[in-house]
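In order of appearance the chains are A, B, C, D, E and F, and numbering begins at 1 in each one.
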Amino acid sequence: MSLLCPNAFLSPLAIDEAVTRALAEDLGRAGDVTSIATIPEGTRGSAVMKAREAGVIAGLAVAEAVFRKLDPSVEITGHLRDGAAVQAKTVLMSISGDARALLSAERTALNFVGHLSGIASATAEFVRLVAHTKARVCCTRKTTPGLRALQKYAVRCGGGFNHRFGLDDAILIKDNHIAVAGGVRAVLERAKAAAGHLVKIEIEVDTLEQLKTVLEVGLADAVLLDNMSPATMKQAVAVVAGRLVIEASGGITHESAAAIAESGVDYLSSGAITHSSANLDVGLDIEI
Amino acid sequence: MSLLCPNAFLSPLAIDEAVTRALAEDLGRAGDVTSIATIPEGTRGSAVMKAREAGVIAGLAVAEAVFRKLDPSVEITGHLRDGAAVQAKTVLMSISGDARALLSAERTALNFVGHLSGIASATAEFVRLVAHTKARVCCTRKTTPGLRALQKYAVRCGGGFNHRFGLDDAILIKDNHIAVAGGVRAVLERAKAAAGHLVKIEIEVDTLEQLKTVLEVGLADAVLLDNMSPATMKQAVAVVAGRLVIEASGGITHESAAAIAESGVDYLSSGAITHSSANLDVGLDIEI
Amino acid sequence: MSLLCPNAFLSPLAIDEAVTRALAEDLGRAGDVTSIATIPEGTRGSAVMKAREAGVIAGLAVAEAVFRKLDPSVEITGHLRDGAAVQAKTVLMSISGDARALLSAERTALNFVGHLSGIASATAEFVRLVAHTKARVCCTRKTTPGLRALQKYAVRCGGGFNHRFGLDDAILIKDNHIAVAGGVRAVLERAKAAAGHLVKIEIEVDTLEQLKTVLEVGLADAVLLDNMSPATMKQAVAVVAGRLVIEASGGITHESAAAIAESGVDYLSSGAITHSSANLDVGLDIEI
Amino acid sequence: MSLLCPNAFLSPLAIDEAVTRALAEDLGRAGDVTSIATIPEGTRGSAVMKAREAGVIAGLAVAEAVFRKLDPSVEITGHLRDGAAVQAKTVLMSISGDARALLSAERTALNFVGHLSGIASATAEFVRLVAHTKARVCCTRKTTPGLRALQKYAVRCGGGFNHRFGLDDAILIKDNHIAVAGGVRAVLERAKAAAGHLVKIEIEVDTLEQLKTVLEVGLADAVLLDNMSPATMKQAVAVVAGRLVIEASGGITHESAAAIAESGVDYLSSGAITHSSANLDVGLDIEI
Amino acid sequence: MSLLCPNAFLSPLAIDEAVTRALAEDLGRAGDVTSIATIPEGTRGSAVMKAREAGVIAGLAVAEAVFRKLDPSVEITGHLRDGAAVQAKTVLMSISGDARALLSAERTALNFVGHLSGIASATAEFVRLVAHTKARVCCTRKTTPGLRALQKYAVRCGGGFNHRFGLDDAILIKDNHIAVAGGVRAVLERAKAAAGHLVKIEIEVDTLEQLKTVLEVGLADAVLLDNMSPATMKQAVAVVAGRLVIEASGGITHESAAAIAESGVDYLSSGAITHSSANLDVGLDIEI
Amino acid sequence: MSLLCPNAFLSPLAIDEAVTRALAEDLGRAGDVTSIATIPEGTRGSAVMKAREAGVIAGLAVAEAVFRKLDPSVEITGHLRDGAAVQAKTVLMSISGDARALLSAERTALNFVGHLSGIASATAEFVRLVAHTKARVCCTRKTTPGLRALQKYAVRCGGGFNHRFGLDDAILIKDNHIAVAGGVRAVLERAKAAAGHLVKIEIEVDTLEQLKTVLEVGLADAVLLDNMSPATMKQAVAVVAGRLVIEASGGITHESAAAIAESGVDYLSSGAITHSSANLDVGLDIEI
């Protein structure tokens, strides 16, 4: 059984690439000198990975690839899958194989699961806070360099939605674009003229005035309300009246999330869930 | 002038590799479709990067490489260097060049500076908390996969010290190694027999009993006290009497750091500074 | 002056990657043994690249990178830019530098310009054939493996528009997806439930019946009419009445293009422009 | 059974490299969002790949690697091998495995088979046109950048022969080399002096005069007749009298091929077969 | 059974990387044209690898990976493992599989085993020469570019010890560092202030005077005696009196090794064992 | 002025690739910790590279790239070029730039120059020993894995010639190919039937009998005499009578080279010059 979250987006090539890079980084040139020096070759061992605090899990499929890379015949049992919400002390997966490989893979596997589960859990918390509304939680491009695909996968594991994966897969017009192009109408016309029919156009607005112009021009698919108060957002929702998808953005916190969501916006986007989540505490109990 | 912290360790090849990977991740196949569609080619612009909160800066040299990669003739002025402690609103660097390149590079540059400055700042806070003692703060191998070299550089920017960079550059004997090898004496003898003269040997102990055996055997360079109370650590320091470097490890927090440092240990190691630091808030004000 | 087409989409990292790979492929291990054996080192030379037949040019910016890779101090003058329509014998660019480097780079540079200009020219021909209508010409994912980014750039140089760059940047629902999900309504609901707000949804239909269901469900942004006759397409256009973007697809030829466009569809997509265009004939006249 | 053409040249490492790059290009960061959103994980499916027009097949071994990369346990039956000549509607291979993987791999697999079969078929057509003579058909270095090894493999699948794979594996002296070196004799002496004994030397000539000098000098292995008429070629063949291998080159078409071959030359080389062949139409019928 | 030397240090990722690069280098674009042209596809063969002279073997595990890369179902029996001392004509491993793959892999496999066994044997000879003393033999950073990890592994196979793997895993202070920093005391204080607790510090000295200063300062872990006579080394050993690890370095030969070792130093380091060892003669007897 | 040997074969892309890999290998993650810790940032220095023994130099162009990689503004003066024969103490190149960069680059630069000059010098010695004959000295595929292109370049620097660069650029038929194909005639016919006109065919023979068959069949370009005595080779030369290029191979030593060359063969090939040459002793005198 795959340990991947069944409905989260991730290129299947991304895992192998991330795992190879991470192991190369940890093993360096000489490999795990401690285990080579102290563990007799051929020794067998087993391990269980456990959550040490409650949260939502992401990265088990990556951890599996880490262990398998160092011991192709390792036996792995996943007790649950990415996307599962767990309590502290829940056993996540069991691993049995070459003892040196287990010890060499341990830290890299835990680094992935801890980091990605931290993101999934932070996402899930925001999802919980707005669950009484129709608002969805989504990520941004404020990710940790080199880990975007995996982090966006973790956001989905936590029940969130994905914003753009990069500068190339949607148009998001910000203040500088508007200023240089000569205003909201001009910039939207330029964007629409250049974009193919499978590229969405979103535009950032700071005021209700700007929002009204966007609606008049009529070429955008979505609008990003930047740092507005919940009250202003509520007005914005009324003005839009369902004609655009509305994303609220800018310093959304646990405290402010519910109020923002209750304004009627469609999405709350948070950079913090990817760039500032603490690791979820997971550990490996090894028996050799 | 180089923007690198002058006495932090980093391979000069690591920056280009990290920057290329991060930009490839963000630009994808089509590049910055928004800027291509809305900003006339050849438009010039300038920008200032500012800290939006107080902290210790790391990553300016990386940000410089990001901008230069997309506009080789960009002009950059660093107003300070990695390792500087700043207040909110401090201008970090000024950038002037092709407007499309500025906008395309913005997020990646900020992602690096925000992430690495977060680590430097978290490190600096621990350093401050133990500044009245001789204890040094150091990192661990609990890093974000793929970013270890840069994260360890950020720890140095924040005044910390580096632990192992990987499994290959020092021996760190943990409980499993001890158990399989048949005890503290046996494991240390094995390690010493295999290690060359430029490999340090550290061993993790849970009890004062184990610590005494380590001292009797006499082959270790350092000892890691795992999750001991400050009181027990104080006893350990007395037992060691300067014969070993002592590292305290295990869930060290802002609350417990001072008491632990006051026990007389040489190092406090923290995984949290690399795996769980929130980004420092930095932004780019662009004028086109 | 950049030789890139100013409003065509391409990651700036793509050129260097493609050029390095192509030169490595041609130079192998020993390099250009003929030129090393017969041209004295240090000999200087100059060259002009000319179109040998009429067409639309794409790839000059890539050719420039090829020459520069083998002679960093080469002097290059672009007489026009990617996207220009030219007659036979038009001079495209002039190059002056190390003679060995010119000769070693010649074939790789021409292979890029000939291939990409062939695509730009084929696109431009379709654009011309439908110019009296509002229909736009666009590409598909039927590209030559490893060259997608450059080929899609060439389509833009020829006046066309870009469809998806890959499986990850938009949802395109085909017959198998519909069948497995249990019909048009079910598949659209699943897609909408999973997709973030910056992902467009297009669905392929074979019949007007299916089309009507798509309109009823109301979750799609675009519809692909697969292999319909112009007459049926006209009916489809009437049925849609502006509520969806309409793409006509399936074996569109020079003969059928106008009639299809006149049906009122928004896009004609063609795999042939990327996978089956003949090279445009370009050559290099070298003087040493 | 390997699906590779048994006597065509190709490094076994080339397939994996080309497949990985092509899938990375198509799957991007998020992977096949349509299939993840609409096909339940674990769904099984099967497919048959069919030729939709007559031709010579190349690329089945590559397609197999594409499917296997996304589903390592896929079951594949090849009904014929690369190099087979087929009629329209011939079943080429059957694939059975994970439905999501099938759908994700479909386009990349077809892009390879369509492209390479197009080249094999174009080659085979030239081979047929000259089959009544001793002339062999061969390729050139006018290939699509990044695909040379696979394209040259396809030429062999179509019954053709391979010219140089790059600038490094044989010496081909052209007009510029002759001019700079100071004439035919001088250039051949330089080439022979530098080349080891496993490097062939070919020289391009425009006139019978030049050809006679080449024969007098006596250091070449082969001569390339550039853009000569069949009548002049016939004279050239008589002059050479078996002392050199003769390659006819320059704008050889379906119309001119037979006459050129009948002149008695040994090889007809064509850039068009690699740089300007249309794809062969192949499709995948999927059942899920 | 793994063919790796059980207690030699090597990252498990290093083998695949080295093997892929070496095969790519040998197979080029077209692969093994001789075997493709002359050996019918599907032919089976077997082979035995034999030492043709006495020595210590290293590289069998690499050779295994070479054969497996070209024929994943090859059957391999190792008759001994890396690190074994053998006489001429000893059978090292037996291989059975696809005949083309065997022939294509032969030279690359032998190049690895011959090169690494040459290093292991040269190391073992030095080890033998000093076996009556406590001195250990170790390598340096004077390695063949691109092969350091494998060469250092071979040194361990031959009974030697590893010095630094690179500039990053230990501090080795040389004359220039001393001069710039302002003398032995200053340089050691700087080094100690910057280095973490898992980085050893070694310092090179030319005179007993320098050595005494090093001892006075007391911050070094090891000292490198550069080009001293055995007599001076003996004095150095007496001066040090066990307070530092002592490495003797500089032009150590078969003739001088015993005398140097008898001086009481801990390590003899030799660049020649990695940069100037002749290959051990190994061959492959193939039966097809 | 380029420091490359002007008539030696090497892809210009090979140097950057080799240098990047070698520096990455040496600098690891943390870089040159010793120099960072002890040399103040911004310190300037200069150095001269000297030969410490007589020989033929190769690798200066590579060394230049090493220094430039770590200090793009380094100033380098080459006092001679690759291919020069020098006495001990000859100054090869002068370098002036950032002191940390000089120290970090030193060992990698010397490793390249020492290794490649060792090969060039060994080649030159064989060239000298046979200078009174027409015989040329050439290399084989018995190279150090990963360094073939550079090693073959060094052979040319030493006055030698290059054999095949890989399995793909010429046909060399050995005993196994002959046996499987069913004898000399059959194997040559197969080879000729498959090979294009720019691929040379060489065949290895053990006896004069085999040689006569090769001549009768008449399809080979060259013959390799495997391990024959000089007397037998002389007979072989007489039998061939100029109809084939003759290569003598198999354990050729300084002692046997002249006699073999005097037999009248065209080439002596030696694996030892690439796989078993000792480094030439070169050093760097640094002033900071």
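Assume a residue touches a chain if its C-beta (ideal position, glycine included) is under 8 Å from a C-beta of that chain, and two chains touch if they have at least 3 such contacts.
Predicted model only: the values in this text are computed from it and were never measured.
Listing every chain that touches subunit B and subunit E alike gives A, C, D, F. Interface repeat of B-F: among B-E, B-C or A-C, over half of the contact pairs recur, by residue number, only in B-C.
Chain centres computed from CA atoms place F at the largest separation from subunit A. With centres taken as mean Cα positions, subunit E sits 51 Å from subunit C. Measuring from the averaged C-alpha position of subunit D to that of subunit F gives a distance of 32 Å. Mean C-alpha position of subunit C lies 22 Å from that of subunit D. Within subunit E, the positions touching two or more other chains are listed as 7, 9, 11, 25, 27-31, 33, 36-37, 40, 104, 148-149, 162, 165-166, 168-170, 172, 194-195, 199. Contacts from subunit F toward subunit E in the complex involve residues 18, 21-22, 25-40, 43, 45, 99, 103-104, 107-108, 110-112, 114-115, 118, 141-149, 165-174, 176-177, 179-181, 187, 190-191, 193-195, 199, 271-272, 275-279, 286, 288. Residues of subunit B that touch subunit F in their complex: 2, 4, 6-14, 148-149, 152, 162, 165-166, 169. Subunit A meets subunit E in the complex at residues 20, 23-24, 27-31, 33, 36-37, 40-41, 69-70, 104.
The residues of subunit A lying in touch with subunit C in their complex are 7, 9, 11, 138, 161-165, 168-170, 172, 194-200, 202, 221-222, 245, 247, 266-267. Residues of subunit B touching subunit D in their complex: 25, 28-29.
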